[in-house]
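Report on one structure; see the data block that follows.
Letters A, B, C and D name the chains as they come in the text, with residue numbers starting at 1 for each one.
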Amino acid sequence: MRLAGDTNEILPGQFVNIRIEGLFLRRPISVCDAQEGLLTIIYKVVGVGTESMTHLLAGQKVDMLTVLGTGYNIANAGENPLLVGGGVGVPPMYMLARQLREAGKAVRVILGFNTKDEVFYEEEFRTLGCDVTVTTVDGSHGVKGFVTNALDGQQSYYYTCGPLPMIKALLQAAGTHGEVSMEERMGCGFGACMGCTIQTTQGPKRVCKEGPVFDAAILQF
Amino acid sequence: MSDKKAMNDKLQIQLSGITLANPIIPASGTYGFGDEFAELYDINCLGGISFKGTTREARYGNPLPRIAECGNYGMINAVGLQNPGVEHVIAHELPRLKSHYNGCIVANVSGFSVQDYVETCAMLDKEPIDILEVNISCPNVHNGGMAFGTSPEAAAEVTAAVKAVTTKPVYMKLSPNVTDIVAIAKACEAAGADGLCLINTVLGMRIDIRRRLPVIANRYGGYSGSGIFPLALRMVNQVARATSLPIIGCGGVSSAEDVIEMMMAGATAVEIGAANLTNPMVAKEIIDRLPTLMDELKIEKLTDIIGIVNHE
Amino acid sequence: MSDKKAMNDKLQIQLSGITLANPIIPASGTYGFGDEFAELYDINCLGGISFKGTTREARYGNPLPRIAECGNYGMINAVGLQNPGVEHVIAHELPRLKSHYNGCIVANVSGFSVQDYVETCAMLDKEPIDILEVNISCPNVHNGGMAFGTSPEAAAEVTAAVKAVTTKPVYMKLSPNVTDIVAIAKACEAAGADGLCLINTVLGMRIDIRRRLPVIANRYGGYSGSGIFPLALRMVNQVARATSLPIIGCGGVSSAEDVIEMMMAGATAVEIGAANLTNPMVAKEIIDRLPTLMDELKIEKLTDIIGIVNHE
Amino acid sequence: MRLAGDTNEILPGQFVNIRIEGLFLRRPISVCDAQEGLLTIIYKVVGVGTESMTHLLAGQKVDMLTVLGTGYNIANAGENPLLVGGGVGVPPMYMLARQLREAGKAVRVILGFNTKDEVFYEEEFRTLGCDVTVTTVDGSHGVKGFVTNALDGQQSYYYTCGPLPMIKALLQAAGTHGEVSMEERMGCGFGACMGCTIQTTQGPKRVCKEGPVFDAAILQF
């Protein structure tokens, strides 16, 4: 879904919180890309919220809070950063990859999916000039197995977003020299309700405010 | 009389001798210490702010998920009083709040024993807060506040113990999860409470029928939002008719119309809770809308309608 | 196995040895004696019908207005048990219902004294009804049923007295307006109840801010509709975990999804209340939708999910 | 408002019950006219329900229950029936007048309003060939005063709909040889909830089912 509006200040890894008619809580969706007044989000239909988002019409106005949360810090990238996206964690990697490429970095991207039919955005990343590896659990496309099967340990730093099991495996294999985007059920999405607070080595942190992106070194599982 | 003065008279209300520019107070736990909202609008428009429920010691709160949605009418939370503890609040959050807010500061306090309440309130007594809101109704902590809020004797015990250690006005925040809210309100009044705040959240549940599990890790949580408004209004009205204490009405208020209805039922001030979480501008929008609505309803001053349905 | 047979196994449930084709029962007071709905669809699709609350003597009920709206999430009623009295029901309404309905007939009974309950239930004991639903929770009648539903002792007294005069399964309909629903449920169980029905309506209020008066003449009334679902679900779950009685879950159910959620919480059957009043087809629509929804959720038989969230 | 749909069986004095997005209860509105698949209703904006009805768009589908309640019985009319409508009670008189005229009756109509600006449908009744008298409380149009000021006592029977004070006055002045449409706040509108039951000399009657039209002789005030 693409939306027109003020995209200034939106950083990679941040999210928007969308009001949906007939539902009490807003729905947080990670930003896939934002530039020149155009916001791109990619969502998977998992419940009533995302389901009713599919009924939005082209041209319809949407009540949305933007510039939410703390995104990725590209200053930590080093010369050859690694981006690892798993399933619904792939979209936020796109804006990050674009900005890192614009900054002249050699960007390697690993995209993990369950099977060939789920693969998306592989070409978009290539077009940015990234070195892209796709992994599928069933081996129907790219490397067979998990994103960790495609690691070479050569990255200067890593950025990741994906399901918790993938993130745990990645930290095991690649250490904590990187940044991780966490996902939790949210109430307000802007830091007021404490509904999404996780424990870290630096105390409680709100996924919607101090996060969703955290230094891998402070996470506790 | 200047327009400013006229507007003051129109919206102004008093709580235990403290003047609030208007009756609108964001409810504890839905507004943090105001920081996130101050980024969006000048929070000095608020009559008061009830800050995040504070306890003697720091608390992380309950496991995640802590939030469940209820259709288009509400939500359930089981945050479990996450807060940095009263000492940290006094050292950091309160001074920060004072630095950018000059209205009525309501200190919301929770505890797990009478001693907890006493120590926390005693420490806040020396601080620049205006009202102590003693929460004896949090449904989300084991043997926590709610136990005190479900028996008249326990409610009276906490009230008297807190009154003994503070000179601040003490408002007891009551639970709706009771058979007889009036008995508990009267017990608080007899024990010396200066006012009451009701209602806290309604103990509720939702189940994820796909995962076949309760939505929130804590199984049950506090249900809030529009769906509890008819219950809140009834309890505020019952208590207004049975006691002479000022009431801060709370529960499902999300519009200026709801504020008027809550005041007509008997509330002197009105807290906005869950609505802040879905529309961060709602408190300001309600304050801006009130004068127009009052003109439509031929209400000259808000103080004229407090408990008006009870004047037979 | 024929499709018909398969469908039976899929939706069928049992209440005290009585087989219902499906768990859907229109709640008392929202379905009359079925006549108005029989004009719209074949009511034999219903698992059961809980007929209009019946008392010993005929009652006109409360003054008008008796109805208030609550946004898009519910309504308040203060009908006050209008009914023609048990003798008239036995002579006219019940035979008429039997003539066009062959499912489970739930006789909903209210009273103002233990003697009332006893006499009314004794008269119905000889009639072709399947279950006695004893309402000790009507919020709309002074010193009426609700008093019995707010104390474990009184609830037990009514239960035992009714059990003594009938051989029909006795289901006690409980009030949500209590501090401890579990204590009341256990008291009913100990006194011999065969099952429980919960929740009845939540005591609520609305005010007409233009007229500056309560919307309903009775001031307070019973709040029902989607907005009470999270509260109903919590109470059904608490009672299901604390007693071994079958539960008819009731309160804000308006979709097949709600029915599944209520059963996962611990209900064996589910009553549809206020939803019948806004969409007269809703009970049939839910029954028609259940098999598809069950397939989506990989539920083979409804009996497989009763209280499934309580199996740790 | 005009709606297309099945208008068979709709009788004068009956009402429809309209579902309005965002409101729990339906809104009952009396039928002004119904013929050849076209339903006409006239409503006054008095609350949130009627207010939001003004937002309905031409061509929009409406969820509505029809053929509700017991209407007027034209068999009782006699040769020169009198129809008395007050304010929002005027619309139901129209379909009744049309059918009585089609049955060849000499129909007298008295329409009562507060002031000239509120007057509506006067011409429509004349076009049906009715003898029309309009009364206004302030005398700004037609006869000054109340509908009762225009009575001549010559009618064979009367049919009325309007505010309670008007109805009480009419029964005082014209007796009970007629039919009255009553108004009450309703729950379901089709007889299930007992929310609108009034007491009559023949016991409790549901305004939405046995009514809204009742024999004037059984009403109690």
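Convention: a contact is a pair of C-beta atoms (placed from the backbone, for glycine too) under 8 Å apart; a residue touches a chain by one contact, two chains touch by 3 or more.
These numbers were taken from a predicted model, which means no experiment stands behind them.
Separation between the centroids of chain A and chain C, computed from CA atoms only, is 48 Å. Averaged Cα coordinates give chain A a centre that lies 37 Å from the centre of chain B.
Rounded to a whole number, the gap between the C-alpha centres of chain A and chain D is 62 angstrom. Residues of chain C found to touch two or more other chains are 70-74. For chain A, the set of residues touching two or more other chains is empty.
In terms of which chains touch, the assembly is arranged as an unbranched chain of neighbours.
Pairwise chain contacts in this structure: A-B, B-C, C-D. Interface residues of chain B facing chain C in the complex, by the touch rule stated above, are 70-74, 76, 150, 177-179, 202-207, 209-210, 212-214, 219-220, 223, 226-231, 233-234, 237, 257, 260-261, 264-265, 297, 305, 308-309.
Considering their complex, residues 19, 22-26, 65, 184-188, 190-199, 204, 209 of chain A touch chain B.
Listed in rising order, the residues of chain B touching chain A in the complex are 29-32, 35-37, 52, 60-61, 64-67, 69-75, 77, 79, 82, 225, 274, 276-280.
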